[in-house]
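Presented sequentially are two complexes of chain A, the first with chain B as partner and the second with chain C.
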Partner chain A sequence: MESGKLGKREYMSIAILMIGAKATDSNPALLYSKVQNAAWMVPLLSAVIFFVGLFLLLKTMDLFQGKNLFSVIQQLLGRYIGFFLCLVIFLISSFGISFDSRTYTNIIRSFYFTTTPNLIIYAVLMVLGAYGAKKGIQNIGSVGYLVVFYVVLSLFFALIISTQDSTLQAIFPIWGPGKLEILKQSSLKITLYAEFFLLTMLIPNMTSIKEFRKSTWYAFAFVSFQISIAILIFICMFDTSLKGIGYPFHTSIGFLSLGLYLPNVEILFFVLWILAIFVRFAAFIYLNALMFGHLFKINDHKFLIPALTTIYLLIGSIPENAIEVSLVFKQAITNISGPTFFVISLLLWFVALVKGEFKHAKNRNGM
Partner chain B sequence: MRKKISKLLVKSLNKESPEFKEQSNKEDIELKKHDISTQYEQNLETFKSIFSVPLNSDVKVREFTIRSLNRRAFIIFVGTMVDLEHIKESIMEKLLGNDQRSAKIQDIVSFPMEKTATNIGEITDLISGGVTALFVEGDSECYLFETTKLHGRSIEKSDNEVIVKGAKEAFNENLVENVALIRKKIKNENLIVESQNITKRSKNSVFLVYEKDLVNDELLQMIKDKLAALNTDKILDLSMLEQYLEERPRSLFPTILYTERPDRAASFIEEGHIVLLMSNSPSCLVLPTTFWAMMHSPEDHYLRTPYGNFIRLLRFFALFVAIFSSPFYIAITNYHVGMIPPDLLMAIAGSRERVPFPSIVEILMMETGFELIREAGLRVPSPIGPTIGIVGALILGQAAVQANIISPIVIIVIALSGLSSFIIIDGSMNFAIRLTRFLFVFSAGFFGIYGVMALFTIGLFYLVSLKSFGVPYFAPMTPHFTSSKDLLVRQIPLKEKFRPGYVKPKDMVKQRKG
Partner chain C sequence: MQKTETVCKWLMLIIMVCLLSGCWDREELEDKAYVIGLGIDSSKHKGNIKVTMLLANPEVGSVQGGGGSTEKPREIITFEANDFIAAKATANAIISRNISYELLKIIVVSEKYARDKEFITTIYDALKDKEIRLNSYLAVSREKASEYFIKNRPRMETRPHKYYQFMIEHGIQNGFIPDSTLLRFFRTMERGTDLFLAMYTTAVREKNPEYKKEDEYTAGQLNATGDLQDTQFMGSAVFRNGKMINKLTGEETRNVNILDDTTNIKDILLNFPNPFPGSEKQMSARMFKSGNNKVKMKLKGARPKIIIIIPLQLEIMSNPSMADFKVKKNQKILKERIKEDIRTLNEDLFKKTQTELKGVPYPLSVSARKYFGTIQEYKKFNWAKSYLKADIHVIPEIEIIDFGKQTKKPLKMGD
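Presenting the complex of A and B:
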């Protein structure tokens, strides 16, 4: 293993923690409110749709060995359009992280620390993310790898014991509001996997794009499976009341008990869940700093991290309450970011095709 | 820019180093650069003045005439550091008693180890180290005999790293014996014992022990360079050297393994690590070191695989208990009361009812008390040792509870965490755990489980970023390297095929077939 490179295990852990955490926030409830008891299909269908975009994007990136997403965009689309697109991606991801972090703060506050001021919980979360981000992506990956097994195990353990109180019949009618509606929502909710698009920024940190691609597919398959299973179990557990539950994972672990003697074990799950969230935001902040550094040609992007984190903290503090966050701000970002990233992936592939980059590459290989 | 400003700041804060009234020893230094002369009188004069004879009472100079050569000669040695019997038998008696005419000193003297030197400085250093120097009239060289004999304790049982099954002997202060202890475990001509002088004034030397056909040359060179770059007057002990060598001397966590067990040192050498030995130090340093090496015990391997893994898992469990039991108690009683089963909650609340302090104060009092007992138990002269146990258990435990200063459950928590902290055998790691426990207690008091986990995550980020001579702290788990997977649990010995990849040994596979 080369020093200073991100190993495939570490990369996969980051991906799984970053995207897998979505099964535990407000996403299941949001999905349920749209497609009712067919919500568990959406992650799978979105995965299939997003797979196309990601596949084409990675195919395009393959032509530029060892370049990151922004270099590829700027090389393919020229300086001005490229810069503009990169800026759009950065802004979307910035708003994404701001409202996402706020969502998690809301979760922590409403379930575990009801009397603590929001800002303090939020500040601790962001300071930790900034500290982790400052340590660099290798270290984030290492921490991710150290915790990922326990996090995933605890999630599945929680899900398995949730099945005690659930009824499988709740998944009927199986098509929910109708096939067309599911398909429509699936294409909108590809935001679930938007982070995979951003993670292509890390290609230069890996030993080869081949390794990156392989790990991405593994993580992608695992995560879509994980989110789908989680939603399925939440549906079986809460049935129609899932619509009114903001954060079903936390409601369910609060509901769980290990035998008669230990009635409230949510803290055990919370401990591992919060570890995952810290790693997730460290990676997220690192990615954003990387993007910002690349956009404005700042080599030492690590110095940007404290400033960026503060800005995200401030943006995230704008919404007055939790409802506003999840229904207004996050909803907007969710509906924009996934489709935008998807279109950009297609656009890049298309431009590369028109410019004949694939042919060039073939010729180069042929020679 | 930032660096510039901080430099300016530092400069303005630190005044120029004060001037001292010093006495110049330029002449002495100049003298040591010269060679010895062929003049007998002059040599005698030079060395008498260098060693301040007769002021220096244990430096002995003996003048005599070598009969067979019919030339005057003198020997000089430090009386307290040499084997006098040996000098008498194989040097003096031969020189004085030999009648046959012979031209060469080598043919007269029967002492086995002999070499010659001409430089005054070099000869001076050797004499200070216990070598006997022989100057013969008319010769331009001086004959040196390694007559060093130091007194110290014999090889004893390992005191600080106790194991039940396996070799018991430990390093002692005698360097020669320490090297022999390693050599007798690795009977291989590739085992190199290389000495390097590291200090200017006391001339302390360090011995690097490694296997030539295993060790990574870059790593070896890096360590040698680092040793050569030490610019100090004296480093008397290996534990001092450890602090000079570490990348982050202020860090809570150690990055060099300090062990007193030769079997441990040998097994690390066999895996391509480098071991440092120093005279007067009953231990060795193993470089580079990972978190895993700190947590493992040699006994994990001496015991059969299931038993070894059992005690290893027990140790990792103890690590968590030692760190987290007090903070969890604080977090749960203050923030997450709902988690405790109602009956137990009643019991805890009942026992805390008459205690006037908040639980964090209780915990801090008991933790401090426990640390005091521990330190006192270590320092107390052995005849009064047993009293400490009685005082600790009786006064701090029972009496404190009866006086309603602390609740009994706190005693259980503290005893549990204290007991667990003893299971971590590495001395430095032990300190690291004890100190981080206090940080966790504060974070739990401040923010419950959330604070504890936040600090834990910071700790993880910090630990994975630590490096010991370029090797990440959690290697080979993350970042991944090929290894025998001797981490949380170990394999059966047959399956441990690889040397750890992070030291980049020249030979990765053990017992290669064919």
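Presenting the complex of A and C:
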């Protein structure tokens, strides 16, 4: 690995941990409440939809070898519109991380540390995230690569033992509330993959965009299957009671036992899960600092991290309880961010097309 | 400079060690009282319940105990409470340690309270409590739950958590009690299409119970004598919409467990009528399922038709008539007899569920779902109603894999 550059494996680990973690939070229950037993199709379908946007975005980015998302936006759309758009992306992602981190705090508090005050758990989580982010993306990547196998293995291990208490027939009636409803929800829920859009900020950290693209597709395919399979198994396990269970992953690992003599083993899974969450938020905070630094031309963005983290912590502390987080704040941000990022991707490609950038590139290559 | 850095690093590590223990959720094993069994009874005061807690003493039975401990293995307290969650605090007026439901194994509800409509609101608190796992079992006791825990004094397995674990585990494997975890309870409640079976238990043996064939008992009816305790786990309590409506015997429960692919029964030892002349005795066999049931349904039309094929394998364990199984005809007679026996047993059970219980006691409705494209169509079909008039056929697919040792008739003296 070239010094200062992010390797393929490391980048993929970050992507898998960041997006794959969504199978373990409130997303499965949220999807179930919308499309019932067809919820497992939604991650696959929205992956197909988001693929179009991401494909066009990467195609556009290809023209600007080694530039990151914000530079490309500003170069294509001009200083003012570009700046505005970047600001919007930054704000959405900031609110996203705030409420996301709060959701994970809620999970930790309600399942594992029931008497610790919320703020303390939240602060510890964010401080660890900030510490990781400050170490830089290479270090986050290395840690990610170290833990990703164990995390994914433990997730699948938990899912496999969960199948003992499930019935596959619970996925029927196959179309759930109807095909149209599934399609509608799939297009709304492309937020599941919104982080891939933000990860394009990391292109300059990779050796080439080609490498970036390839790893993105691998991670993308893997993650969409992972989320889909996880939801499928939760549906088979909990059936219709899934809608009343906020965080099915954590409920199910509390249920599992490894044979007669090893009941109550959730702590094994919890440790690996929380490692994944640290990587996830370290990467997330790093990305946001990167964006902020780029927006306001601050070169040493690492110094921004503590301040930004504190702000996120404060924003995340606004909602009073878990219900408010998931129903009001997170709902709003998930409904906005995915579609917005999708539209921006299409817009960039369209502008590049109109401006004739693709032709220029061809000519340049032809010479 | 180097020195300061090293010192700082070490200091950092030491501070981190302090963080590890945490401050709020620090838990000392010494400081905890683990509730293994929770009893719920109705109370004279409106809106209240009577909560019984069975607390295990972790010191008893552990190897490290040093053998010097003369403390009792368990402690039982009963008191009035609004619900069993806030009751944890109330219990501390009596119990010195911090009450925890983390190792809760079994929730026992008295039959009287299970038949009360208040029961469902009480039991739903189990979902709210973070410490209660969904793999705890739900059981119904014939007497008051508070009496049940007091009378239930196992002779051999004095540690209550092990007693319940083994008792339930083996009961389920034999098929006499249903696998009634809270997960299954809430799943059935939310599905709203089938009945739920909870294990039926009692610590009081009926006086002079009437004689029945081997497995047609419910708890308390098995007339066992000797130096034993009277607790029995047998049969099941039927819940409809979260209210107990009826009971099933051990044999019926076992049938349901065979029909239900989601429970984990092992091989079953059973008796069936002897088709060969020469002996009044029944034959016994070991039976196990060789695969999942095949369920075929025709749901269009006025009367839905359901065909259930149960693949079973048998090992013949006894042969009172000394029939010769080398003869193909005898094999066939036996097979037909078993097939007929199982078929009538199951069809009678289904008839009972349709007329008496008014619902199916295991998630059969889940197999019906695949015949519908969308949830709307399925809801319109209305399983709970359609089931009652369904035409159900059970086809056992019998494979006799072992006829046992071929015994010859003992020779009579003088022959």
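Criterion: the second predicted complex is superposed on the first by the 367 of 367 C-alpha atoms of A that agree within 3 Å, B and C clash if a C-alpha of one lies under 4 Å from a C-alpha of the other, contacts with A are read in each partner's own complex, and residues count from 1 in each chain.
Methods note: a contact is a pair of C-beta atoms (placed from the backbone, for glycine too) under 8 Å apart; a residue touches a chain by one contact, two chains touch by 3 or more.
These numbers were taken from a predicted model, which means no experiment stands behind them.
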{"item": "Which superposed partner A:F113 touches (first chain B, second chain C, both, neither)", "value": "both"}
{"item": "Which of chain B and chain C A:G132 touches, first, second, both or neither", "value": "first"}
{"item": "First, second, both or neither for A:N321, with chain B first and chain C second", "value": "neither"}
{"item": "First, second, both or neither for A:N299, with chain B first and chain C second", "value": "neither"}
{"item": "First, second, both or neither for A:T240, with chain B first and chain C second", "value": "second"}
{"item": "Touched partner set for A:R9, first chain B, second chain C, both or neither", "value": "first"}
{"item": "Touched partner set for A:N264, first chain B, second chain C, both or neither", "value": "both"}
{"item": "Where chain A meets both chain C and chain B, residue numbers", "value": "112-113, 116, 263-264"}
{"item": "In the complex with chain C, residue positions of chain A that touch it", "value": "36-37, 110-117, 120, 164-167, 169-170, 172-178, 238-241, 243-244, 251, 254-255, 257, 260, 263-264"}
{"item": "Chain C residues within the chain A interface of the complex", "value": "22-25, 102-103, 127, 130-131, 133-135, 165, 169, 183, 186-187, 189-192, 261-262, 264, 363, 366-367, 369-370, 372-378"}
{"item": "Footprint of chain B on chain A - complex, ascending", "value": "1, 3, 7, 9-10, 108, 112-113, 116, 121, 124, 128, 131-132, 135-136, 138-143, 145-147, 261-267, 270-271, 274-275, 278-279, 282"}
{"item": "Residues of chain B that touch chain A when the two form their complex", "value": "332, 335-336, 338-339, 341-342, 447-451, 453-454, 456-458, 460-462, 464-465, 470, 472, 474, 477-481, 501"}
